[in-house]
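One chain, subunit A, appears in both complexes that follow, with subunit B as partner in the first and subunit C in the second.
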Partner chain A sequence: MDNLSNPRRRQGSPAASDSQMGVGGTGQRLMRFAGDFFRVSKGERSEQVAGYLTIMPALFLILGLTLYPVGYSIWLSLLEKHSFFPQERFIGLSNYIYLWSDPEFWSSFWLGLVYSFWTIFFQIILGVAAALILNEAFIGRNLIRGIVLFPYMIPTIVAVILWKWLLNDMYGVVNYWLVAFGIVQEPISWLGADHIMFSVVLMSIWQFFPFVLLTILARLQTIPEKLYEAAKVDGASAFKRFIHITLPQIRGILFVVILLRSIWMFTKFDTVWLMGEGAGAGRFIRTLPVYAYMRTMTYYQAGLGAALAVIMFLLLVICTIVYFRMFREEADIG
Partner chain B sequence: MKRGILIVILILGMTSFAWGAEKKVVRIWHTESEAQTIAAFQSIIDEYEKTHPDVTIKQEGLAWGDLEAKLTAALAAGAPPEASHGQAITCASFYQKGLLRDQEDIAESVGKDNIFEACRNLCRFEGKYYGITHSPNTNLLIYRKDIFKKKGLKPPKTWDEFIKVAEAMTEKDAKGRVTRYGLSLPGVPLFVNILMAELTNANGGRLFDLKTGRPTFTEKPVIEVLDFYKKLNDKVLPPGWLGHGYLDTFTNLATGKAAMVYQGHGRSAGYIEKYAPRGMGTPEYFGVMIKPHGPSGKQTAAQIDAEPWMIFKNSKYPEEAADSLKFFFTEGPYIKYLHSVPVHLLPTLKSVRASAAYQDNAMYRRWTEWVEMDYYYFERDLAKPTLVVKWDDLKLPFMLEIFGSNILVDMVTDAVRGMPSAQAAAKAQERAEELITKLGHKRW
Partner chain C sequence: MNFPRLQHISMRTLLYIGAAALAFQAAFPFLWMVSTSLKPPPEVFATPPAFIPDEPTLENFIRLFSATHFLTYFKNSIVVCGWAVVLTMIVSAFGAYSLTRFRYPGREKFAGLILTTYMFAPIMVVIPFFILAKKIGIENTHLALVLSFTSFCLPFTLWMMRAFFMTIPLELEEAAMVDGCGRLRAVIFVVLPLALPGIIATSIFTFILAWNDYIFTRILIASDELKTLPVGVQDLFNSSVIDWGLIMAAGMMITIPALVFFVAVQRYLIRGWGAGAVKG
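Coming up: the complex of A and B.
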């Protein structure tokens, strides 16, 4: 319903003023809102009040569960605070200054980038490829569609135990087969310092690519078959059909999937923590979320832990804004 | 009107009666998460609850590595359990922060002189007990006796001799691939922290200056420990040992993948009986040796694994927790608990060790040699808790934070991955000094 066909909007209801708020500062907007509010009849005003009251609980929930924790984290990051003892001191930006010169922070930042980049890259490649295959008709397709979702449904702790078992250098089945087939001479210490990043990336790809598969597959199923038929008539090869039909059709959802997976992988804690700290060589996969946890829960420096969390939050906000600017069209479709 | 008032009074009365009848829930966290110990502990709880109908005890078995973080979270949330196991450094840290109820009454009830000397300093400050251990044992050097004899080896007295023994016990196949490693060590942070302090002790060194609290990682004995780690890593350990857990090392020993473990415990005996090849799961095949000492040390050292019970004074029912722990230490229930892992859970109380009921356990008798080794360390005061080289280290207010920061673990990792020992030590020293300063404990 547009503004012209909606009598209440024409009368200058808050909704109507929202649509006109392209210019002017917050003060102007508030004035306009107050003017609108008092201009309407008494009956309409009480209807409006009722409307606001109904959204109040949701608003409080959002404020309480989202904005308050973020705000509190920011406040905490300005304190020197013990994690469980009630001692705290306001130190301004000292925690941030400290982190700037902390080699562990930069190492964690780098490890986090490496982990996020490779896991996202291969999740997308594998997820899209698997979705394309599972979008084709073949016998047993439904069964395979169910099976490929298993990794995503398994609890992380189970997946980690499973992979640690498979990759164990003394009795793991992966090394057994590698040696048996003569691919390697000595078992590889997959969970040792040299290979643990590779192992956790591999495990994460395995665990999370079904999410990409599922979302892309859902989109593929809505692409009109007529488009492909027309392209076939025109003699387009399978590759060209993918480039000119499939890819443009899925780019909106791909935009969202990459965004979500980037946020989730950059802040991924459980998989990395369980693979690393219990196994010993955890230092080599000590990503930012793990480091933030350690600062808070094992160094007992809640302020520094919060500063790390805020930095992660800001990095993600900045990256998301840049991402939206770079892919405006996809963002609109997505 | 009168009837209405009467109804209200009745309802209020019934409600308050219901409140009055509500059970006191005492939460107890511990690190003995093996199924048979949880079952034994539960039967002790059931027995206690029979005579204390107003109390419900809820036990929770936690993994060793999770305990400190979980306690921290609970304390931060203002909801600590009534009682919990903790490492000696945890107990000391919590005492220094004023979080613990003293346990003098429990010590009196079990008899102060009845507590083994080795267990008395784990969490006792200004003459008062703030933690009494549920059970002590030490970590052991366990070796394959059959291979040792076959190779005609002699017990090593120094670290260099030990490496030679481990090399001699390593086996390779025709293609030169290692089929049995000389040694298996856990790479988990907790155990690296433990061994770092233990080896420093066995090398006559220290990790902190007791007067100022300043780290002493760059001192010669500590650097020699790192050199020892390097040699172990290069010569006798599996290449992926940093990724091995504590239980992995038991498996490696029991299944013949390793000839020795340096951080074994009585618990290993159970794994050996269960998983060693048929006919081999006995003390005739798996023995214990006195650990060697380092080039700057004169005597050996071990770690005492003995988590004290802590009672949080800000929990809801600390008195009930204390009362239930007094019951736990009475002979019948306590022996039931100890017998759930007989060679590992040794008694805190002298009277229990001497009791016929306690000694009447087949597994305990089978593995007496191992138990005697624990007492060898206890009786000579050679065993110290995690990260502690001298008992007075427990008075340092930042030990828990040093432990949690993994600074020592990173130092060992740096060294075994090729960084010169002195450089790895200097790097760790700088980090530790920075952490201690930031915590407000700098005194140098």
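Coming up: the complex of A and C.
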């Protein structure tokens, strides 16, 4: 292969037209694509072939293992299909019509919103606050930076059994302390109907805010120190420095983090499911992903399960588009 | 002592209190797990609960290894995660090389497509995946697990490897080829050694992701002898009487490999290279 021995050419035409491909209609784009492919020199052609060959396995796996299943779930949602037996029957939109009048669907939708809202809200507040603390210089900073990431790195099952043990109504250390310090008279049933939403929100914040911390901290480290020094000379207080320097600098990444966390909290299955399992009060934290799982694996209604997955997917696509429209400026920065 | 100095001291105090609180909330649940796993059964349920066991014992661990299928689950986890890492890394190393070294129409489109699938949540993929796996007859096999872990990890490994490859100057490779090296030799002797830290870090993140998976294994695997650790331990937990000492010992044994690997790569995370490297 001789194409790399001439480094000049890699600034050449195919690369430039690559970025222009977004312009014009589909037909035009296809023409340009074909043009790029056929109207090139021999060296460029072999580079293109090598490029396609090396990206092929990854594209093939992503198409086959992610995009095709997600597409297939749209078809599946139009079927009445048992999860374990091969029979299937086309029933059109009946699954969606059923869900529309299903109180269980609406309650899980609402519970999912409540769960997502509170977990995201506190993850962002705590994550940013913790990142600001860990961005200051102090003794033992690197050690603590490592330790605070632990909860994010462990399997969810471990996080859940840890918290179920800490919050255990009879032998849990949390109840013991609350009673011993006289904060409450009676031990609280943390996994009972009244408190299980609080417990799963608390535990999810604990498990996932390190992601926010990590991402914001990485951004904070790239803010030029000069900006702060200038502000200090001008006598700006710490609060003012945060509002006028730090916040504008982290706006872009904050936009991305809120988007990612929203998507992942709204579709969070394992934490919520495992927390509710065996607790008896599981139905008080039955969010949409848990409901989709139960329809598929407990009631064997794969069609309904798929319909729920499709609804979640569409909701996320719509929300992402609206979000980008609303915060276009931030999107450009991020 | 003047006013600004006093203010400085109180800010430092607040800073240390904040840092200590952060360390405590992260570490305490783990320390409590260690403590419980070392207690004999009567002490586990003692009131008041003691932080340091009176008579520390390894009895819970011995019971875990002898009376449950823990070792089978452990082996399954290692095998499945190992294969998932190998497959993911080979495919994403080629893909990342392609995205950073070759020019071809559609390249940025492919990169965008891959980044988009990064946002797909497992729950949206696993239900159709399960039905499809049944159709082609690979449900309840480790192969199905390896494939699903790969689909889950691939977008972010590709993205991370792409970032690593971008830090390796193109000129080095070109110089080697001008000197008469073929591309393959240039890749093996010039690019790979430089990319090695990145490859290792990415492999470890992939391993941790696969190691922590619950949902794919829960849905795709039915036989007890094929289960991985998170699902196996949940089933231990769901047995009628909860043996907290045993459960905490199991929790420790799952956590240790994840934490050992984490400690090995945490400097990449903190440096910010791996920000967004983990999903979930």
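In this text, the second predicted complex is superposed on the first by the 276 of 334 C-alpha atoms of A that agree within 3 Å, B and C clash if a C-alpha of one lies under 4 Å from a C-alpha of the other, contacts with A are read in each partner's own complex, and residues count from 1 in each chain.
We adopt the following convention: a residue touches a chain if its C-beta (ideal position, glycine included) is under 8 Å from a C-beta of that chain, and two chains touch if they have at least 3 such contacts.
In this text the structure is predicted, and so the values were computed from the model without any measurement.
**Student:** Considering only touches as defined above, state whether A:Glu277 meets subunit B (first), subunit C (second), both or neither.
**Tutor:** A:Glu277 sits against subunit B and subunit C alike.
**Student:** So in the superposed three-chain picture, is A:Thr66 touching just subunit B, just subunit C, both, or none of them (first/second/both/neither)?
**Tutor:** Only subunit C is touched by A:Thr66; subunit B is not.
**Student:** May I ask you to decide whether A:Ala236 touches subunit B, subunit C, both, or neither, giving the answer as first, second, both or neither?
**Tutor:** Touch partners of A:Ala236: none, neither subunit B nor subunit C.
**Student:** Could you let me know whether more residues of subunit A are touched by subunit B or by subunit C?
**Tutor:** Higher number of touched subunit A residues: C.
**Student:** Pick one for A:Ala130: touches subunit B only (first), subunit C only (second), both, or neither.
**Tutor:** So A:Ala130 only meets subunit C here.
**Student:** Once chain A of both complexes is superposed, is A:Leu178 in touch with subunit B (first), subunit C (second), both, or neither?
**Tutor:** The answer is neither, since A:Leu178 touches no partner chain.
**Student:** Which partner chains sit in contact with A:Ser189 here, subunit B, subunit C, both or neither? Use first/second/both/neither.
**Tutor:** The answer is first: A:Ser189 touches subunit B but not subunit C.
**Student:** Does subunit B (first) or subunit C (second) touch A:Tyr299, or do both, or does neither?
**Tutor:** Touch partner of A:Tyr299: subunit B, not subunit C.
**Student:** Is A:Asn142 in contact with subunit B, with subunit C, with both, or with neither (first, second, both, neither)?
**Tutor:** The answer is second: A:Asn142 touches subunit C but not subunit B.
**Student:** Of the partners subunit B and subunit C, which touch A:Ile245 in the superposed model: first, second, both, neither?
**Tutor:** Touch status of A:Ile245: no partner.
**Student:** Under the contact rule defined above, give the subunit A residues that sit at the interface with subunit B and also at the interface with subunit C.
**Tutor:** Residues common to the subunit A contacts of subunit C and of subunit B are 83-84, 168, 171, 277-278, 297, 302, listed in rising order.
**Student:** Under the touch definition given earlier, write down the residues of subunit A that touch subunit C in their complex.
**Tutor:** 1, 4-5, 7, 10, 12, 14-15, 17-19, 21, 32-33, 36-37, 44, 47-48, 50-55, 57-59, 61-62, 65-70, 72-73, 76, 81, 83-84, 86, 129-130, 133-134, 136, 138, 140-158, 161-163, 165-166, 168, 171, 173, 176, 180, 206, 208, 210-211, 214-215, 217-219, 221-222, 238, 260, 263-264, 267-270, 274, 277-278, 289, 292-293, 296-297, 302, 305-306, 309, 312-313, 316, 320
**Student:** State the interface residues of subunit B toward subunit A in the complex, per the touch definition above.
**Tutor:** 65, 68-69, 72-73, 75-76, 97, 175, 177-178, 186-189, 192, 238-245, 248, 251-252, 255, 257, 400-401, 403-406, 409-410, 413, 417, 435, 438-439
**Student:** For the complex, which residues does subunit A have touching subunit B?
**Tutor:** These residues of subunit A touch subunit B: 80, 83-85, 98, 168-171, 185-193, 196, 277-283, 294, 297-302.
**Student:** Under the touch definition given earlier, write down the residues of subunit C that touch subunit A in their complex.
**Tutor:** Residues of subunit C touching subunit A: 11-12, 15-16, 18-19, 22-23, 25-27, 29-30, 32-33, 36, 44-45, 47-49, 90-92, 94-95, 97-99, 101-110, 113-114, 117, 119-125, 127-132, 134, 147-148, 150-151, 154-155, 158, 170-171, 173-174, 177-178, 182-183, 208, 211-212, 214-215, 218-219, 229-231, 233-234, 237-238, 244, 247-248, 251, 254-255, 258-259, 262-263, 266, 269-272, 275-276, 278-280.
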